[in-house]
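Input: structures, listed below.
Each of the next two complexes has chain A plus one more chain, namely chain B in the first and chain C in the second.
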Partner chain A sequence: MGLFVDDYPDEAWVVRAALASSFLALLIGGLMGTIQALHRTGFLQVIENSTYYTVLTLHGVSLVILFTIFFLVGFYQWAITDSLQRPSENIRLTKAWYGLMVLGTLMASIAILGGFTDVTDMSADVLFTFYAPLEAHPLFYLGLATFIIGTWVAGFDWFRSWWAWRKDNPGERTPLRTFMVLTTMLMWYLATIGVAVAVIFFLLPWSLGLVDSVNALLTRTLFWFFGHPVVYFWLMPVYMMWYVILPKLSGGRLFSDPLARIVFVLFLILSVPTGIHHQYLDPGIAEGFKYLAMTNTMFLLLPSLLTAFTVVASMEHGARQRGGTGYFRWLTALPWDKPAFTGMALAGLMFAAAGFSGMVNAGMNLNYLVHNTMWVPGHFHLTVGTAVALTFMAVTYWFLPQITGNKVFSKRLGLWQVVLWFVGMVFMANAMHRVGLGGEPRRTADPFYDGVVFDTALGSISELHFQIALGGVLLTVSLLMFIAHVALTWFDVANRSTPEPEVLPPALSGPEHAPAVLENLRLWTGIAIVLIVLTYTLPLASIISSSGFFGQAGTIVAGMLDLVITVAQPLLEVGP
Partner chain B sequence: MEIHRYEKLWFVVSMLLIIGFIATITYGAVGAGIQMVDDEGGTVDPDNIGDYEIRDGVTFEDLQEPQAQHVEGNEYEVAIQAIQFAFIPNPVEVPENSEVTMYITSPDVIHGYKLAGTNVNTMVIPGEMTEITVEFDEPGEYGAVCNEFCGAGHEEMEGILRVVPEDEWEGDA
Partner chain C sequence: MSSGTESDVSPDVWDGEIEREIGHDEYDPIGTLGLIAIYFVIIALLWIFMYFVEFLGRGPTVV
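So, the complex of A and B:
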């Protein structure tokens, strides 16, 4: 077996294209972050306060939608092709879904970038959450829908590979990486129903002027139906990297294949029926529904806690293979000189911290203290901003040679880059959590008010603002180092020898130990659907029956929609 | 399936942790009586907020005054509109040692209402009436901020809530 790029050149092209798109989004989104970190702390204000929100929209959409998902589709295409050992069933379809995603990206980007100029009325200053009745240009919603349809087709493409593989390999266990891809995509299909309905039936017709109002609580609830599971769409590829690549980098093997599968099944089942925990403080949703979302959320800790065990156990196993001994001394035997390993290990460490702030967020009555304060972006800069972003960057140092055929430019530069990201984020995220506890709101251009003072228990707010700005600058330097490093490797500036193909070792406890029922994806999807129906039917029915599909002031202009409403309304008016 | 002994132990500890969390939150809700913002306030026509009936004969408009209105005992009521980019009325005064029910809603977009340094925090959604009950035990002044992005002026949206000492309270008692 040779390098991935040699064995599957067409697939490698799509993987590279997806990664290139991902890194471009990372660069743009990251630089917007720099502007924000310096602007809202008052250190350097190069934009107007009103432009801040265009910057923030671009930051959010670029990083949590484009950077993460483009990376995911590239990485998953590799995972499917490499683990099933077969090329795409139809490479034109593979290229088509990538093209759709790019098209959607361009549409949404044009709408967002319109916010920077007065030449056009076009804008989409609605942030990543696009809560109606804040309104974006229709192109923004259309772009989003197109992008998501692209990911749907990608999932279909991967399922198709798996179906074909199964026909050729009857009775065999699905390879672990493929299993992880399929469970992720099943979760994604369920999750995106919410945003698809919100965009296609409500936001798009409304922004086009076909209906004249929206039910703000309904579209918000549908957004969070998607908005929470999307975080698992960022995390599940990271978990795959932690399960299948990190053990190898540590010098060992994955501890248990069956438990990795169980973790992914748990994510499929539990990711969606938790979204209401983002709406703990929303009027119009009864406390019981919030309580139900809270319990589901707490049980969702389980797969992450199990992962923590397996990851550390696999690392320890690797360290001992490399001659490590003692209770803790084995830590020194790990390959800390490899940027891919060090970056992933540091990302994992930050994810543990993120888990704790996440538990606070999930505690519904504790949430009063931190909801919509800087604590929340502090939390997710540890999750998506470090656990995901740093793992993606670290894995790139391992992955890039496989898909380009070029050796990584410099191990030392890579090492500095991942460590710098970690240090920058320690400063920034920690300080964000603390100003959040003092009550400083998130999503504001200028948290210096005439009559509102924020206090912090230890130190001062201005000192914490300095830490946020400092962290932001360190992160920017790290980001630029990463992008430069990718470019140097991509274009093979050093002109080094060809890298060796990487083979992933099998798990200590292999798939043959997994109960056969784990392979039954229909069963797990069925359970996931039942849970979604149980958690969402009543709240949605209640929201619709009290304010209607389009809000109270809504009058329907388009006849087509009138018909849909007449048919659908009685079905949904069964709420309490 | 083969599961390592340590992993079984870890699983049990994880489950206990999760159940422990759920138990403490349940205690907070049932024992300590921390209620969640919920659907008690019902819906409201965003174009006619003033007419919203709080109870028989009392509308939103009646309560939208700079000083909280007395109900009975130490119970008071106040109504606030969150609009782009202000809270109306502002400032709001309530007496010390009072239990104040706040009605908050919006005629335009989604806002937030948070009193800095406290756990008074809620979303304000057009079409929905937020109803929260807060105990103010000590005199003082709190800054209120809108903590949900509401448009290009969001950072200007702030207010004051003053808790007036009982002997200085000039409002309805």
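So, the complex of A and C:
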């Protein structure tokens, strides 16, 4: 077996293209983040307050939609092709979904960038959380829809490879990486129903002027139906990297293949029926429904804690194979000189901290304390901003040689880069949490108000603002180092020798130990659907019955829909 | 290597970086247990700390 790029050149092209798109989005989104960190804290204000929201939208959409998902599709294409050992069934389809995603990106980006200029009325300053009442140009919604359809086709493409593989290998267990891809995509299909309905039936017609108003709470609820599981769409590829690549880098083997599969099944089941926990403070949703969402959310801690155990145990196995001993001394035997290992380990450490702030967010009573404060961005800069972003960057140092055929430019530069990201985020995210506890709101260009003083228990708010700005600058330096490093490797500036193909060792406890029912994807999807129906039917019915599909204002279309409901309801109630 | 539960792996997989292979049955992740225990203690202490922040440190929350 040779390098991936040699064995599957066409697939490697798509993987490279997806990664290049991902890194471009990372660069743009990251630079927007620098502007925000310095603007909000008052250190450097190069934009108007009104432009801040365009910057914030570009930051959010670039990083949590484009950077993460482009990376995911590239990485998953590699995972499917490499673990099934078969090329794409139809490479034209593979290139088509990538093309569709690029087209959607261009459409949404044009709409967002319109916000920077007065030449056109076009704008989409709706932030990543693009629910009503904020309204964007139709091109933004059309672009997002096109992008998501691209990901749906990608999922179909991977299922197709799996179906073909199963035909050729009857009775065999699905390889772990393929299993992870398939469960992720099933979760994604369920999750995106919410955003698809919100965009197609409400936001797009509203933006096009076909209807006068929408039910804002309904679009919020549909957004969060998608908005929470999307975080698992970022995390599940990271989990795959931690389960499959990190043990090998540590010098060991995955502790348990069945446990990894159970974790992915749990994510498929539990990711979607939790979205209402983002709406604890929304009037119009009864407390009982919120309580149900909280319960489901707390169950989601289970797969994350299982992961903490399995991944650390796999690292320990590696450390002991490398000669490590003692209760904790083995930690020093790990390959801390490898940027890919160090970055992923530090990302995992940050994720453990994020677990704590996530539990605070998830608890209804504690959430009231931090809701809509800077605590929340502090939390997700630990999760998506570090656990995901730092793992993606770190794994790139391992992955890039496989798909380009070029060795990484410099190990030391990579090491500095991942450590700098970690340090920058320690400053920035920690200070964000603390100013949030002090009551400072999120999503504002300028958080200073006359007569309002934010207090913090330790230190001062201005000191914390300095930490946010300092962290932001360190992160920017790290980001630029990463992009430069990728470019130096990609174009093989150092002209180094060809890398060796990487072999992933099998798990200590292999797939043969997994119960056969784990392979029954229909069953798990069915359970996931039942849970979604149980969690969402009543709240959605309640939201629609109190304000209609299109809000109180009423339109011809909405009026007709309401008329149909009024006529149909007694007929339904008459029944036998 | 006394394992019996998994296929043998060539040490080449790790580019000659390992000293000895440890099989399924000889491996006891005691260090992991220690680290996870420390994590749980930290989480428990932080929860207790949150009690003070929420109930004793502030008035009613208005956001």
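Everything that follows uses one rule, which is that the second predicted complex is superposed on the first by the 556 of 576 C-alpha atoms of A that agree within 3 Å, B and C clash if a C-alpha of one lies under 4 Å from a C-alpha of the other, contacts with A are read in each partner's own complex, and residues count from 1 in each chain.
As a convention for this text, a contact is a pair of C-beta atoms (placed from the backbone, for glycine too) under 8 Å apart; a residue touches a chain by one contact, two chains touch by 3 or more.
All figures in this text were calculated on a predicted structure; none of them were measured in a lab.
**Q** Based on the superposed arrangement, let me know which partner A:371 touches: chain B (first), chain C (second), both, or neither?
**A** both
**Q** Is A:444 in contact with chain B, with chain C, with both, or with neither (first, second, both, neither)?
**A** In the superposition, A:444 touches chain B alone.
**Q** Under the stated touch criterion, which partner chain does A:493 make contact with: chain B (first), chain C (second), both, or neither?
**A** Neither partner.
**Q** Could you tell me if A:253 is touching chain B, chain C, both of them or neither one (first, second, both, neither)?
**A** Only chain C is touched by A:253; chain B is not.
**Q** Figure out whether A:507 sits in contact with chain B (first) or chain C (second), or with both, or with neither.
**A** Touch status of A:507: second partner only.
**Q** Counting residues of chain A touched by each partner, does chain B or chain C come out ahead?
**A** B
**Q** Please indicate which partner A:523 is in contact with in the superposed arrangement: first for chain B, second for chain C, both, or neither.
**A** In the superposition, A:523 touches no partner, neither chain B nor chain C.
**Q** Determine, under the contact definition given at the top, whether A:49 touches first (chain B), second (chain C), both, or neither.
**A** Touch partner of A:49: chain B, not chain C.
**Q** Quick one: is A:127 in contact with chain B, with chain C, with both, or with neither? Answer first, second, both or neither.
**A** first
**Q** What is the contact status of A:547 with respect to chain B (first) and chain C (second): first, second, both, or neither?
**A** In the superposed model, A:547 contacts chain B only, not chain C.
**Q** Check chain A for residues that touch chain B in one structure and chain C in the other, and list them.
**A** In the superposed arrangement, which is not itself an observed complex, chain A uses residues 255, 281, 309, 313, 359, 365-366, 368-369, 371-373, 439, 441, 509, 513 for both chain B and chain C.
**Q** Give every residue of chain A touching chain B within the complex, in rising order.
**A** 49-50, 52-53, 56, 125, 127, 131, 133-134, 215-217, 220, 255-256, 258-259, 279-287, 290-291, 294-295, 298-299, 301-302, 305-306, 309-310, 313, 359, 362-366, 368-369, 371-373, 438-439, 441-447, 449-455, 509, 513-515, 542, 546-547, 551-553
**Q** Which stretch or stretches of chain B touch chain A in the complex?
**A** These residues of chain B touch chain A: 1-4, 6-7, 10-11, 14-15, 17-18, 21-22, 24-26, 28-29, 32, 34-39, 41-47, 108-110, 112, 114-131, 143-155, 158-160.
**Q** For the complex, which residues does chain C have touching chain A?
**A** 3, 5-7, 9, 12-15, 17-24, 27, 29-32, 34-36, 39, 42-43, 46-47, 50, 53-54, 57-58, 61, 63
**Q** Where on chain A is chain C touching in the complex?
**A** 248, 251-253, 255, 281, 308-309, 312-313, 316-323, 326-328, 330-331, 335, 352, 355-356, 359-360, 365-366, 368-369, 371-373, 437, 439, 441, 457, 500, 503-510, 513
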